[in-house]
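For reference, chains read A, B, C and D in written order, and residue numbers begin at 1 within each chain.
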């Protein structure tokens, strides 16, 4: 069996993201591990968005909402453990990541269902804008809601725990995030090739075709949107733990834009597009930021170049056009 | 080879330190140098570097990075500075929300944090920390000063701030000292730029004074619109709404506004008389209060470095707490919660040689601490 | 008494501003027949097809299919009832292979699309049924080519394979011959001839040779109105049709 | 007194709506004709404000600054169209969103590079300074009345341009059929550049007018950009009439929400809580209105023809 070029590239990316931080950690460079964790978590968030955007063609300009809700799930649950105060509805706080993740994913699922159910009645530019509007709504709510820090955000004083792992060690936390990322990329791959993914991708390529074989695109898309929200929310919870902090800026429209940027940089709809995109983005940000205060200017130029001249993103550049079964 | 070399350096530095020459200190300066709030960060950096330059101390390395006013980025930079650059001290953050993202975790890792501006209530009371110093004030101070001032001439005040924690702290601080009647308490949208609706409310409220805390662009917009509205009710506010960075953009609309500050350009003390011209000479503009605060933060670090080794965190913190500096503010010492005890002034916006600036009206508080210190068990 | 027609349109009206694109159309499709709908460009054939499939909504009138009023149903609901269609402008998932296009139809007919894990390309049953349909239309050897890379004619064949896979109770074929060479047209004509016994066909077509060879009945649409319906012979003789439309062809 | 306040707030809402219309008109025109979603519209607004501030400071004349804002924004628009935007017309919305998002970064950081980080000074011209009494209102700022006037003129001008002139005819033809207009022998590339420059000039005008009232600084375009998008989405993207109606709806909703919600909530909760909760709700209000409109009219109130 010969591996396709894209598969080889994917393997290289996956291994590089694993090996570099492990080696760096051995060499006493924990910051490289932190950067790698940031890459893994952003890639996870973008993989979530990639379900809606890459497979379903649903350009959500409001995925920061889910990223932030996931982050706040982690922050809020942890803060209740710290303060000892009970939460509303009889829930208890938790500093256990598995519990937090379930909460984050459920909360994002519900939010995704509500937002998707209304937004998917529209399409095209309207969809882009209504998802943006919902995210702004949640953003302003978070900024002005005093209970959990409002604009100041919420600190997680001690990183939440995972059974059997010391999450305070940068490398352990990286490996945990990396593991979650790989599992979710696996889920993405399964989803893409299953019946659901077939219908979803067909709905992106040709909505009328899907409807005329008797599949309602609305239901398929809504499901995809919810799954997408859940995965991005899980990433949000990890991101909060990475920074030990959550604030409304996770909900801002710049964040939504950045998630889209990650996908496009890497290659839309590609399995490892978000990983490649997150790597490029974080390295750009870090390297350019070290050279010049004007790094956003150059980031803008680079992005323009990618959109205008390298449409398939990094993976497209290296592996050529996508092939579907 | 590299290990050999560093071993040699180590041996050298050991022998040098035995000669009682200060050992190198690395300071990480994280501040906002791009994006909407960059003006404040630029002043912070320039004020800080001025003190370092004046001292001639070459043992201190300052690593400066731009947080773009994004909390996530600030966290990432702090991680890098701690893990990779191995800084001893962090400083420079302008905004409360970024500070809350960085400082608690930095001090938890045994680093010293010296705040040059942001001073949220959350870090001044129960959660105060022996490694967290604030060289500026406590957020509520300047609002409290205006509240106290308002007692004199006003009976019914209209108070207004953006709807976020610093805004609520502001109105709480004002109300802590103001004893008269409130015409109304209004919260505006964060980042709001049109204040027609609020100005109409002020007109209709029958207030005899207005207290507005609207930092940055919000304040510029409000003041310009207020001046055109025909409403004559006098405005007052905390100093950061009328500091040197925004005054030129507000223009004459700011003339006569009463505000508060722990530093004023015309304060009559030796340190200030040297600082203002030095800053002007170096950077070609008037310093703002942010520059002063950063200048003092750097002075504090320099003073501690002369007394203790930064590797001995406890001793270094104690040396910092002694606050052995000549501040352009005049008197300066630390409270038990490591926030300043200092005098606070009421100032008025005036025009000098065509340039808008503040001049001192009166000293409103002497040796003023903050309301949270009593909750700090240090 | 024959069975009730499978598809019945009654007094269908659709206007766009001042234009009556469909102006009181009454039409039916009976079991076992090919009913051809012809008319000059701009006569309103496409608009009519859109209303039958549900991509446009009629202003008034009813559409009954398989004994039910489908006039207010969505596209996918009508398709699930057994209304199979092909498109005037080829409408496929262009990135998918021919086989995966057909398999989409098989999966739509044969069960839920809400299966999230099992890869379709390892689903024997789906593949076998899909291949069977491709073989029937003569596309089996092109199964793995992306639809975007198929020739115009091949795409028509693929669309028919999809309609077949859906096991539709009636076919709505919108210009299936368009863009086909003479050889392809001939093959497709033969294929459609046999297909009518599986399910009746409403055929919209410009290729008059094919229409006259295949149609049991023909309806002529001009300016949104049906001006005549009848057998091939009736239509050939109808003076109104000759005047309005067939003049050049007959 | 209460009546007077209510009247004044209505006028404020109208005035905010008119300001938004100036932004939204260019945005919707560009979308309507070229099918382009332009996030960088806010940057052109910023260009207008900066140009006005710089020229006004150099010459001492606001009016020269205003003229400069039109010229600078139109020129910036034309250049951007020529270099970047014209490659995007045939792309999907995703590419357009991304490329124009990148343009925002370039414009904002570029402006900071040239003008520094501090806000610039731009004040209202003496001619329009101060407030005047109106029937039922004690005093209303003259400048805000002037903005309402400018907005009305722009609306009228756009109406005349589109319905009565050759350029307008071409614009309408471009909306309905791009190929047809090309077949008519009109140079579609030039037409698009002209339309883009026109939309940019409107944004620049809005930036200059609003800059005098608010603050001229980097990043000033972003909040207003999002509001302008809300406006055109409510109104129906591509429709000038929709932009006008949408702008008025957003302006009135926002102003009246800020004014009415806190006292209304004050009836059911303590005043201090009502002030914060009311303010939070008011900040979310226009997005709630937008979601409601789209939930029932997915293509906005005045959908442009497909």
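Methods note: a residue touches a chain if its C-beta (ideal position, glycine included) is under 8 Å from a C-beta of that chain, and two chains touch if they have at least 3 such contacts.
Since the structure is predicted, the reported quantities are computational estimates derived from the model, not experimental observations.
**Q** Ignoring chain A, which chains remain connected to each other?
**A** B, D | C
**Q** Using C-alpha centres only, name the chain that sits farthest from chain B.
**A** When every chain centre is compared against chain B, the largest gap points to C.
**Q** If you tally contacting C-beta pairs, which pair wins, A-B or A-D?
**A** A-D
**Q** Give, as an integer number of Å, the spacing between the C-alpha centres of chain B and chain A.
**A** 35
**Q** Give, as an integer number of Å, the spacing between the C-alpha centres of chain C and chain B.
**A** 74
**Q** Could you put a whole-Å number on the gap between the CA centroids of chain C and chain D?
**A** 48
**Q** Can you give the whole-Å distance between the Cα centres of chain A and chain D?
**A** 32
**Q** Send over the residues of chain D in touch with two or more other chains.
**A** Within chain D, the residues that touch at least two other chains are 108-109, 112, 276, 279-280, 283.
**Q** Which residues does chain B have that touch at least 2 chains other than itself?
**A** In chain B, residues 33-34, 163, 168, 187, 189-190 touch at least two other chains, as defined above.
**Q** Of all the residues in chain A, which ones touch at least 2 other chains?
**A** Only 140, 143-144, 146, 294, 296 qualify.
**Q** Each pair of chains that touch: what are they?
**A** Between chains, contact exists in these pairs: A-B, A-C, A-D, B-D.
**Q** Under the touch definition given earlier, write down the residues of chain B that touch chain A in their complex.
**A** 33-34, 65-66, 68, 70-73, 75-76, 79-80, 83-84, 96-97, 100-101, 104-105, 108, 120, 122, 163-166, 168, 187, 189-190
**Q** Which bits of chain C are touching chain A when the two form their complex?
**A** Within the complex, chain C touches chain A at residues 53, 55, 74-77, 79-80, 84-85, 87, 91-97, 100-101, 103-105, 107-109, 112-121, 123, 146, 162, 166.
**Q** Would you pull the chain B residues touching chain D in the complex into a rising list?
**A** Against chain D, chain B makes touches at 33-36, 38-39, 41-42, 163, 168, 185-191, 193-194, 196-198, 200-201, 203-204, 217, 220-221, 224-225, 228-231, 245-246, 248-253.
**Q** Write out the stretch or stretches of chain D touching chain A in their complex.
**A** 31, 37, 84, 87-88, 91, 93-95, 97-99, 101-106, 108-110, 112-113, 226, 229-230, 233, 237, 276, 279-280, 283-284, 287-288, 290-291, 294-295, 298-300
**Q** Sort out for me which residues of chain D touch chain B in the complex.
**A** 1-2, 4-5, 8-9, 12-13, 15-16, 19, 108-109, 112, 116-121, 123-124, 129-131, 138-144, 210, 212-220, 223-224, 255, 258-259, 262, 271-272, 275-276, 278-280, 282-283
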